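Shared chain: chain A. Partners: chain B in the first complex, chain C in the second.
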Partner chain A sequence: MKRIFIAIALVVSVMNSGMAQKIKGSDTVLPLAQKEAEVFMKHNAGKKVTVTGGGSGVGIAALIDKTTEIGMSSRPMKLSEKMKVNESGGSSIETIIAKDALAVIVNPSNKVSQLTREQLEGIYTSKITNWKEVGGDDMPIVLYGRESSSGTYDFFKEHVLANKNYSSKMLNMPATGAIVQSVSQTKGAIGYVGLAYIETTVKAVKVSYNKGKTFVEPSVVTAKNKTYPIVRPLFFYYLTSSSKAVKPLVDFILSPEGQKIVSDEGYIDLK
Partner chain B sequence: MKKFTLLQFAFLVLLCTNLHAQDAPSVEDRLAKTEGEISILKKVKISGYLQAQYQHSDTVGAGVVAGGSFAANSNQRFMLRRGRIKATYDGGLTQMVFEMDIIEPNPVLGTANAINIRDFYAKVTMPFYKDLSLTTGMQYRPFGFEQQYSSSMNEAPELTRLVNNVFPNERDLGAMITLKAPKEMELLHCITLKAGLFNGQGIAKNTSGNLDFISQLYFERTTKNEKISYRIGGSYYNGLVLNGDKSIYSMGTNSKGQKAFIADTADGSSNIYKSVTRQYYGVDGQITIDNPAGLTVLRAEYVAGTQPGTAGSSRSLDVDPKTNAVGATYMRDFSAYYLTFAHKIAKTPFQVVVRYDVYTPNTKVTGNEIISANGFGKGDIAYKTLGLGLNYFMTSNVKFIAYYDMVTNDADVLIKGAGYAQKLNVFTLRMQYKF
Partner chain C sequence: MKKVFERIVEGTLFLSSTVTTITVLLIIIFLFREGAGLFGKSPTEEGFTVAVNKNNPVSELNAEQIKNIFDANIDNWKQVGGKNDSILVFRMDDIFKFYTEQELAGVDTNMSLLASKIDEVIQKNPNIIAFISSKNLPANPSSKIITIAKINLTDFFSGEEWFPTSQPVAEFGIYPLIMGTLWVSFLAILIALPFGLAMAIYMAEIANPKVRNVLKPLIELLSGIPSVVYGFFGLIVIVPLLQKTFDLPVGETGLAGSIVLAIMALPTIITVAEDSIRNTPVSVKEASLALGASHWQTIWRIMIPYASSGITAAVILGIGRAIGETMAVLMVTGNAAVIPHTILQPMRTIPATIAAELGESAKGGMHYQALFVLGCILFVITLVVNLTVEMISKKKKSNR
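Moving on, here comes the complex of A and B:
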C-alpha cells in the first residue's frame, strides 16, 4: 500500500513539473522574474513557475522553439525572430514589465568616477586603451562585456557605442554576475550591468551624454526622472496561443504588488 | 528466536543498502554525463514535412504546373504532393545536410513511386575567416530567391513557372563558395556573394561534359527599429547544354516573311552533341514589414536569358541526349517575372496571399504568331497566372492552404484546335504537417 502511495506521489510530482510555466531568457531580468514567480506561487498554490537565464537571445529562441512559455528579454525582439514565429503561424505579444538602468562599473580602486558616452565608445572599441587617457592611473583597461546572445550586449552596443562593433579584446562573460565578480577582482577592469546587480564590491561611474556638461549617476531616482541616459525597458514575450495561460502571471507583475517587487529588487517600476 | 532473526535480517538489508549507496554515482557525475550526451544529440536535427492535397481543375486532363498534369479523364484528384525528411548535423564550423523526397507515382509524368535525394551536401566554414564557406554536393543553386525558398515555407502551394521550367528539381550538384565582408565592415557585411560550378542537370548526372557557372550577389539589411527587412540582389547563370540531334533551331524569318524556327543543319552531323549556350540574368527583391496590421511580405523577381529547350517544351533538359531521344534543341530567348504579396493578419493565424506570375518562354513570338507550321508549339506559349490564397496556421505544425490559380495563355485561335487553349485554372486545398 505504501509503495502505491509513493508511486502516485512520484507520478503527480512529475506531472506537475511538466505543467509548470517556464520563463527563460535575460540574465538582467532573471532576479526580478525569480522574485515575482516566488510571490506569485505563494498567492497561487498549485501553480508552478520555473525561471532560468541564458540571455535574451536564448529566451527568444526558446519561445520560437516552444520550449518556454515566456521569453524574458532586455532588448526588443528582432524582426528576424518575429519572422520565425510568423513562419510557424504564431504571433508574439510583447509586454514591458519594468525598466532598468544600465550601469557602467569599474573596480573600487579606480579613481575614474565619470565618463562621457564618447569616452565609453572609445574604451569599448579600444581606441582608448589606458586609464590615464580618461584621467585615471597609468593602467591598461581590461574590457568585460556579455556574450552576443545577451540583450544587454545588443543594447549597450546600440545606445552607448552608436552601433560600432565591440573591440575584439573584450572578454565576453556568460552572465551578469560573472562581470561583477571579474570587475571586483581586476583593478583595470570595466563592465556594464543592470542596476539591480550592483554590489559594494564594484563602483558605478557617472555618465554624460552631453559631452561632459553634466554627469549623472545611475539610480532608480535618476532613471525615473530621466536624467540618467541609459535606461531600457524589460520585456516578457509570449505567443498568442499561450496568452490565456500566462495572463495571471503577467497581470500579477503589472499589478501594484508586482510593481512594488520591481522597485524593491532595484529595478524601475512602470508607475 | 523469531525477533533475533528479524533483527539480523534488517541489519543485512541496511548494510546492503548502504553499500549500494556508496557505489551509486553522484548527482554531479550523472549530470555531467547527461549534459555530455545531450550536447552530442543537440548537433543532430531531424525535420520534415508532408503535403497532402485535393485539386480541382476547370479542364479534364488539364496539363498544369501545380502538381503535374491531371490524368486524361480526370479534373480532380487527391495527391501526396510532397513528403520530405531532412537530417542536419551541425558541427559548428562544419555541417552536413541530407534531405530526401518521397513522391507519388504519376503515370502522366512517367514517374514511379520513388525516393529522390533533394539535398545532400557538406558545408565547411573556414576557421581562419568565418565569413567564407565552401558547400559541396547536391544543393540549391545560388540564383535568385524563389528556388532557394523551402516549399514548406512558401506562401503559395507551388513555385512559379519560371522555376518549374528553368530550374527543375530546384537543386544541382556542384561546389559553391559563400563570402561576406567581415562584421567590422558593417555596411559591406550586408553584402553576400555566392558563386559555384555545377553540373547543370539538376539532380541527374552530368551529361553535357561541361560545368555551369552560377552566381549571385545580394544586399540584405534590417532597419534599426526592427520593423523593415529588405533584400535586393542580382544573379547570373552561364552554362552549356548538349544538343542530341543534327539540327539546332533558332528564331528567324521564313520565306513568307513570318517568324519561324529555322533549323541550322549546315554543320550536318557535327551539330550532334554540340554544346549550346544556356545563359540567364536575374534581379530579385524582397521586403518584410512589421506593421500594426500584421506582417507583410512583398517579393519580386525578374529573369531573362537564353534557354535551350525542345520542340514542345522550354523546360531545362536534364536527360542525356546520347541515351534519350529528346530531339533537336530549340533555342529561345525567354523572360519571366513574378510579384508576391503575403500578409499575416494581425495576431490571427490567417495569411492572405496574392501572386502574379508571368512566364514568356519565347519573347520573340506571341499570340497568332505561334503557328505550328512555323515550328512553334506548347514550348512557346506564354502564361500569366494570378493566384489568390488563404493560409490557416492551425498549430505550429499544421498549415492549411486554400489557393486558386487563374491561368491565361496567349494561345490564339490558330492553335485553339490543338487543345492549347485549355482553361487551366486550378483550385488546391492542401494540408501540410511540418515538424
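Moving on, here comes the complex of A and C:
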C-alpha cells in the first residue's frame, strides 16, 4: 500500500514538474522574478513556476532554443535575436515588468563623488586610468564589470560607453554581488550594479548626462521622476505560441499586488 | 555451468570497458568536430556584414581596424587608406535615428523593406560604415561590402584580444587565456606539491595512529566541499589578504587563484600519495632498517622511490584538478583577458571562460565554436602533462 502511495506521489510530482513554467535569464531580474513566482504560486495552488538565472543573453538564447517559456532580460532584444526568433518560425512578445536604475559605485574611501558620462566612458575604455584625472587621489583605477552574458554588461556598454568596447583590463565578475564585494574591499575600484544591490559598504556616484551641468544621485525617487539618466526597463519575453499559458503570471506581475512586490524588492514600479 | 557463468562475467567486463572507451572517444571527436568549424569563417556574425558607400575607395579592412573604427579610436578614412573624411558609424538599431517609427512600420518582420531603408541611408552618407544584415540586399545596392580577413590559426593562437561578443567583428585571441591558465595552474601545483608530499609522508610514517585517524577523514572531507565555497572563501579571505600584504591596487590576481587551487588540489595529492607510500611492502622497509639505515634514510631512499609511480599519479590528478577547475577560479582571478606579466595581476583562465560564456553562445555559432576550440586546447594541455609525467616516471623505473 505504502509503495503504491509513493508511486502515485512520484507520478503526480513528475506530471507537475512537466507543467512547470520555466523562467530563465537576467540575474538582475532574478530576485524579483523569484519573489513574484513565490507569491503567484501561493495564490494559484497547483501551478508551478521555476526561475533560474544565467544572464539576459542566456535567457533569450534559451527562448530561441525553446528550452524556456519566458526569457527575462535587462536589455531589449537585439535585432539579430529578433531575426533568429523569426527564422525559427515564431514571434516574441515583449512585456516591461519593472524598471531598474543602474548605479556606478566606488569604494567609500574614494574622494570622487560625481562623474560625467564622458568621464565614465573614458574610464571604462581605459583612456582615463588614474583617479587624479577626474579629481580624486593619485591611485590607479580598477575596473569591475560583468561577464558578457549579462544584460547589464550590454546596457552599460550601449548607454554609457556609446557602444564602444570595454577595456580588456576590466575584471569580469560572475555576479553582481561579487562586484559589490570587490568594490567594497578595493580602494581604487569602480563598478556598476542595479540600485537594489547598493549597500553601505560602497558609495554610489552622482552621474551627469549633460556634460557636468547637473549631477544626479541614483535613488528610487530620482529614477521615478526621470532625472537620473541610467534607468532601464526590465523585460519578460515569450513566444506568441505560449502567450496563453504565461498570461496569468504576467498579468499578476502587472497587477497592483505584483507591482507592490516590485517596489518592495528595491526595483522601480511602472507607475 | 561454472564456465558459462565465467564467460558471462568476462563478456560483461569486456562490454563495459568497450562502451567506456567508445564514449570517451566520441566525446573527444565531438569536441574537436564542433571546434573545427571556426577556422576559415568571417569574424562577423553569420548573416551580417560590414558595408560602405559604393564610392568609398576602401574595400578591405582587417578585424582590428574595424574594431577600432567602431570604438572611435580611428575616426578618419585617411587612417585606413581612404579619402580624408570623417567616419560615420552605423549599426542596424541606429536606423530609428534616421526614420520615424511609422516610416519603419513592419521592418522587424519584413527584412527586404529594412534592407532598402538601410541602403537609402548608406547612399545619402558617403562617409558611412555600416554593420548590417546581409539578407535580402536590394538588387542594385548603393553599398559595397567590405572584405574582412577570415579567422585563421595564427591569429587565433597569437591574438592578444578576447572580445567574443564584440560587434561587428568578434576577436578571438586566446594567447592571454592560455598564458593565464598555465600561470595559475603551475603555480598552484608548485604550492600544493611540497605541502601535499610533506603531509603524505607525515601521515604515512611519522604521525601516530591517533593523530592519523583524525587527520585522514578531515582531509578527505576537504575534497567534498563544493568549489563555489572555496571560491567564496578566496574572494572574502585570500583576496583582501593578498591586497594588503603586497599593497596591490587589486586583490583578484592569478596568485589568489593559485592559492585557492592549491588548497583544492591538496586532498587528492595527500590521499593518493599517502596510500602509495603505505603500500611499500613491510619486508622492504624492514630490510632497509635491518641494514642500519635510519628511519629518515628509509623514507627518503627506499619508500619514496618505491612509491614514485603512486606519487606521480597524485601529481597528475592534482594538476588535472587545477587546470580544469572553473568556479573557484572564476570568482577570484578577476577574469581580465590581458597577457600576464606578473602573477600579481588579474588573469583569465580557459575553464573560467568556457563556464562564463557557454550559456549565452548560440549553438553552432562562432562564439560557441571558439569555446569548443578552447576545450580542445585544455584537453591537449592535460594530455601533454599526463604523457610527460608518465614518461619521466617510466624513465626513472628503467634506470633503477
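As a working rule, the second predicted complex is superposed on the first by the 271 of 271 C-alpha atoms of A that agree within 3 Å, B and C clash if a C-alpha of one lies under 4 Å from a C-alpha of the other, contacts with A are read in each partner's own complex, and residues count from 1 in each chain.
As a convention for this text, a contact is a pair of C-beta atoms (placed from the backbone, for glycine too) under 8 Å apart; a residue touches a chain by one contact, two chains touch by 3 or more.
The shown structure was predicted, so the numbers you read here are calculated from the model rather than taken from an experiment.
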item	value
Chain C versus chain B on the shared chain A, clash or fit after superposition	clash
Partner chain in contact with A:172 - chain B first, chain C second, else both or neither	second
Chain B versus chain C as contact partner of A:186, first or second or both or neither	second
Partner, of chain C and chain B, that touches more residues belonging to chain A	C
Which superposed partner A:149 touches (first chain B, second chain C, both, neither)	second
Touching partner for A:88 - first (chain B), second (chain C), both, neither	first
Partner chain(s) touched by A:80 [first = chain B, second = chain C, both, neither]	both
Touched partner set for A:240, first chain B, second chain C, both or neither	first
Which of chain B and chain C A:203 touches, first, second, both or neither	neither
Contacts of A:163 with chain B and chain C, given as first, second, both or neither	both
Chain C region in steric overlap with chain B, selected from 4-12, 58-66, 238-246 or 346-354	58-66
Residues of chain A contacting chain B in one complex and chain C in the other	78-80, 82-83, 86, 91, 163, 165
Residue numbers on chain A that touch chain C, as the complex places them	54-55, 57-58, 61, 64-65, 78-80, 82-84, 86, 91, 125, 139-140, 142, 147-149, 162-165, 168-174, 178, 181-182, 185-189
Of chain A, residues touching chain B in the complex	66, 76-80, 82-83, 86-91, 93, 158, 163, 165, 240
Residues of chain B touching chain A in the complex	153, 183-184, 186, 222, 224, 226-229, 288, 290, 295, 344, 346-349, 393-396, 399
Residues of chain C defined as touching chain A within the complex	45, 47-48, 67, 70-72, 91-93, 108-109, 111, 133, 161-166, 176, 235-236, 239-240, 243, 249-252, 330-331, 334-338, 346, 348, 356-357, 359-363
